[in-house]
C-alpha cells in the first residue's frame, strides 16, 4: 500500500509511512470532510477525531474562539462513538491509500479499554493514538494524563488490550513532560505524540462572560509552537521512543524545526483550518528541501539539532 | 505619596496603589531606562528586574527571539546584584511618586534569604516580588517554584526574613497551579502574581541550531494571554489571596479581562517593548472605562466574571 | 462541492458606514452557489488574524463569472477585507453549506432581514423575482437607524412589497422588524400553512423568529452564524442545538435551518 | 534623549533588489541624530510581527526636518516597511545609542562598509565631507555582487577615495572588502596610530574587522546589530561580550563599539 522507497518514508513501531506528515486529531474530522479539497492519499496518515465508547454531543456553544496567533477550543469530544465510527466512518478511511490512526479517548481507564477492544476487531487501522489529555472529574479537573501515575495506568491498560501499536498523546499542561514520557514508555507506548493543547481562556469584557461556554478550552496554533518544540526536544533527548511532534506547525520550515528537535513524524492541526492544503504543501516542501540539500532520507535529519 | 481617593486606587497587603497597573519584572529594567519616555509617576508601581545576591552577567547571546505573537527570552537574570542595586538603582526609583516592588531571585533558598535581608535595611521599597521560576540544577532543570514543596519552602523562608509584604510570582509550567498557589499562600505570601513565562524554544533550520544560545527560553506576549487568564481565573477562584495578573496584556481590554477573571492588579511586560506607553494608556483606559460604565471603584470589577 | 481557490477582487464599494460590497471574480462560485451558501475567506498571510472569515454569498453574476459579498466591519478581519482593492488576490473555500430550499409554487413568501441579515436574503430575492407573484412576495427589512438600512430603493424597484422598521424610528415604522412581522403573521393566522418565511439577522432577532415560528408552526428557514474554525464540517466548533438535544454543525449542516428545529440562546 | 513619536513617510524609493530608502519626516531626529544612532520602528498594528525593528539613521535633512533609513527586505517586518507609501504614519523610538566618535583632526579616516553596512557610514561620511582632507578619506565598499553595491557614483562625486570589492568580481576587486582593507593597513603599518577606522557590515565581516583591529591595535569603531526587544536598554536582550568577560547592551551602550573591546562569535 505505502511504498517504502521514497526519501520521505519513515517507519515507527513497525508501521511504514510514505512520509512523516500526519493530520492531527480533531482538526480533520473523519477524513471525509476534506475529501473534496485534495488527494488524501498524499498524506503520511490521518489521525481521526477522538473516539469514545458512546457517542458524545460535546459542549454547548461557543466552542471556539480566536486568540492572538492561536485559537481556543472546547469541543468536548463530540464524536459518533466507536460503533458508529466503525460502521459509518472507517470504511471511507480504509478506502484511502494512507495510514489510519484512530485516536481514542475516555473518562475512565475501562472506557479506553473497551474502545480499544472494539477497534481490535476492525481491519484497516494502522495504529491507535491514545489521548490522555481529557480533564478528569476525579482528579479535580486536572487532565487524566497530567499525573504520572494515571498516565501510566491508562497506557498500560490500553497496551494490554490493543492489537495495534499505540501512540500516547501527552498533555503539555504538566510540570515535567519528561517524567510523563518515561512513564508511558514504561507502560508500553510504542511512540509518543506531543503536544495536545494548552489550557487557556478568553473573556468577553462587554458581557462579562467567558467566551467559551465551557469557560476554559485548549489553546492551539502558531502561538504555542515554541512550547511544543521545547517539549519535543526535551522528550526526544531523554526518552528512547519515537516522538511525533505537533503544535502550531504551519509550513515546511516549522516541520523541519520539529524534526531537527527530535520528531520522527509531525502532525498538522489548526493549520488545516487556515489552509486545508498545509499538510500536502509540507509533504512537497520536505521533499524539495531534501533534494535541494542533498539529504537522502528525511530520517537522517531527526534530532540533528546542534545544541551543545 | 499616593492618593487613595481615585476610583482606580487599590490596596493589597496593606499597600495602597494609585492604580492597578504595574510594569513587569525584566521588561522595565530599573525604571530609569524609560524615564525619558513618559512620566513614571503615573504608574501604579514598578517591579524591578530580578535582583540576585551577586551581580550576574547573564546568558550568552542570542538572548531573545521573536515568535508568532510572542517572544522568547533567555536573559539569564543579568542584573547588578543587590548591593549595587541598593546603591545605584534604588535612589532613582525612590525619587518617583510610585510604588516600588523589588523582584528577588536566587539559586538557593539561602540566596533568597540573604537578598531579602539586605533589602530590609533599605527605605523606599513597598513590596517584594519573589520570582520562584528560575530553573534549578538540583531539580533537573525544572524551575524552583514548579514543585509544591520547594515553592513552599522558599516563600516560607523569605516570609520569615522579610520586613516587606511579599508577592509570590508563580511559574505557569506546572500541572496544577492551584496547588502551588495554596502552598505559597500557606507559606505566608501576601499576594500572588502569575504568570511568568512558558518554557519555549525555536530552531534555526538553516544553521540547525537553537535560536537562543541557552536553547530554551521563556515565552511571553499576546500568544500566552489565554494561558495566563485561565491560571488567574483558577487561582482567584480557589485561593483567598490577592492575585496580580500578567501575561500578554497589550491594552485596556486585556487588562479588564484579567480583572474580571479575578486579578486585583495587573502587570504589563512584553508590551513595554512594543509600545512603551502601553501601561499608562491602560491607566487612562481603565479610568475612562469606569467613567463610561458608571463604575465607582475599579475594585468592584475584580472577579466579576459571570461563569456559572 | 466545497473547493479551494484564489479569487481576485473586482471591486470594493462602500455602501454605508462600515459597510462594503466586495465583488470577487469566481466562475466556480457564480455557477455553483445557491442562496444561503457562504464562502470562507483567508484574510491575509500573517497569523493574526489566523482563521478564515465566513461571508454569505450576496449575489452572483454568472455572465461575468463573479459574485458579491456584503461585509460589515466589526473587527480586525473584516477591517482588513474592507481595505482590499481591485486586483488583490484572496484565498477562498466555497461554496459552503446547505442553502435555502426554494418556495413551492403558490406559497406566499416572506423575507425577514435584520441589519446585515440582508446579505443572503438579497441573493434569494434575486432568485425569486420573476418566479414568484409580486403580491405574494413580502420583504421585511429592519435596522437600527436609517443609515444602516440597505437597498430600500432597489427593493422598491424590484417591486417587492417592502416593510421597514428602524429601532429609533428614523425610517419606516419605529420598532423591531420581528414585531412588524408578528403583526403580519397574526393577521394571516388562518393561512400560516401557505407561508414560507426566510430570515437572517442578529442572534436575538433569529431567536425571536424561532419562537414565533414555533408558536405559529411556520415554515421558516433561518440562516445562522457562529464562530467558525474549519468551515468544512471537520472541527465541530460551530454547533447549533436542536430540539432533540443534539447538535448540528452550522457550517455544513446549515447555515440554513428550520426555525422550529433549533434551540437558540 | 530617546523619544517616542509618530512620523510620516515622505517617500519610499527602491534602490535595488529588495533595497529601499525610506524618507521619514521628523524634525526631532533630523536635529538630534548623530551618525551611528538608530531608530526603533513599530512595523504595524497587529501583533505579528510583534516587536519593533531597528534601523540606522542613514542621513538627515535638517532643513526639511526629515531623515532617511536604508532598508533591506530580509523578513516580514522589513517586507511590510518596504511597502509603505508617502503619508503612511509610523511609530518610532529614537534617536538611540552612542554614535560614532568623530575623528580627531589630522587623522586619516577609513570607512569600511559591507553590504547594508553602508547605511550608518553614509551618514558619517556626509558629516566628514568638508571637515576632513579628501586625500585622508578612504571609503571601502564591499558587496556580494555589483547589484548589491550602493552609491558608487555618489561616493565618487563626493570625492571620497573609493575602493570596491565584490565577492564574485562583478565589480571592483574580486574578494572580501576586509582583505582589501587589510592590504591597505599592512602598507601603513608604521602609522597605524594615525588612522581612525569606522566599519559596519555583516557579523562575519565585523568579526574580521575586530581581529584585524586587535592585531594592529587600530582605533576602529564598529556598529553592531543584534536581536533587539526593547531598544532602550531595559531588557538586556541584546548583549555583546567584552574582552573582560562581561556584557554590554548593543542598543544603548552601542551600537558603536571599539573593535578591540568586543568579542564577536
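Each chain carries a letter (A, B, C and D) given by its place in the written order, and its residues are counted from 1.
Everything below uses one rule, namely that a contact is a pair of C-beta atoms (placed from the backbone, for glycine too) under 8 Å apart; a residue touches a chain by one contact, two chains touch by 3 or more.
The structure displayed is predicted, hence computed values, not measured ones.
The fewest steps needed to get from subunit A to subunit B, moving only between touching chains, is 1. Comparing the centres of all chains, each the average of its CA atoms, the largest separation from subunit B belongs to C.
Subunit C and subunit D, compared by their mean Cα positions, are separated by 56 Å. Taking each chain's centre as the average of its CA atoms, subunit B and subunit C sit 47 Å apart.
Computed from the mean C-alpha positions, the centre of subunit B lies at a distance of 36 Å from the centre of subunit D. Across the assembly, subunit B contributes 68-70, 221-222 as residues in contact with two or more other chains. For subunit C, residues that reach two or more other chains under the stated contact definition are 47-48.
Contact topology of the protein chains: fully connected, every pair of chains touching. The touching residues of subunit A, when paired with subunit D in their complex, are 68-69. Against subunit D, the residues of subunit B that register as touching in their complex are 26-29, 33-34, 36-37, 49, 57-58, 60-66, 68-71, 73, 75, 78, 221-222, 250, 270, 272-277.
On the side of subunit A, the complex with subunit B involves touching residues 67-70, 72, 140, 142, 146-147, 173-176, 198-203, 205, 207-210, 215-216, 219, 221-227, 229-230, 233, 248, 253, 256-257, 260-261, 304-307. Taken in their complex, subunit D has these residues touching subunit C: 46-48, 76.
Listing the residues of subunit D that touch subunit B in their complex gives 1-4, 42, 47-52, 91, 93, 226-241, 245-247, 252.
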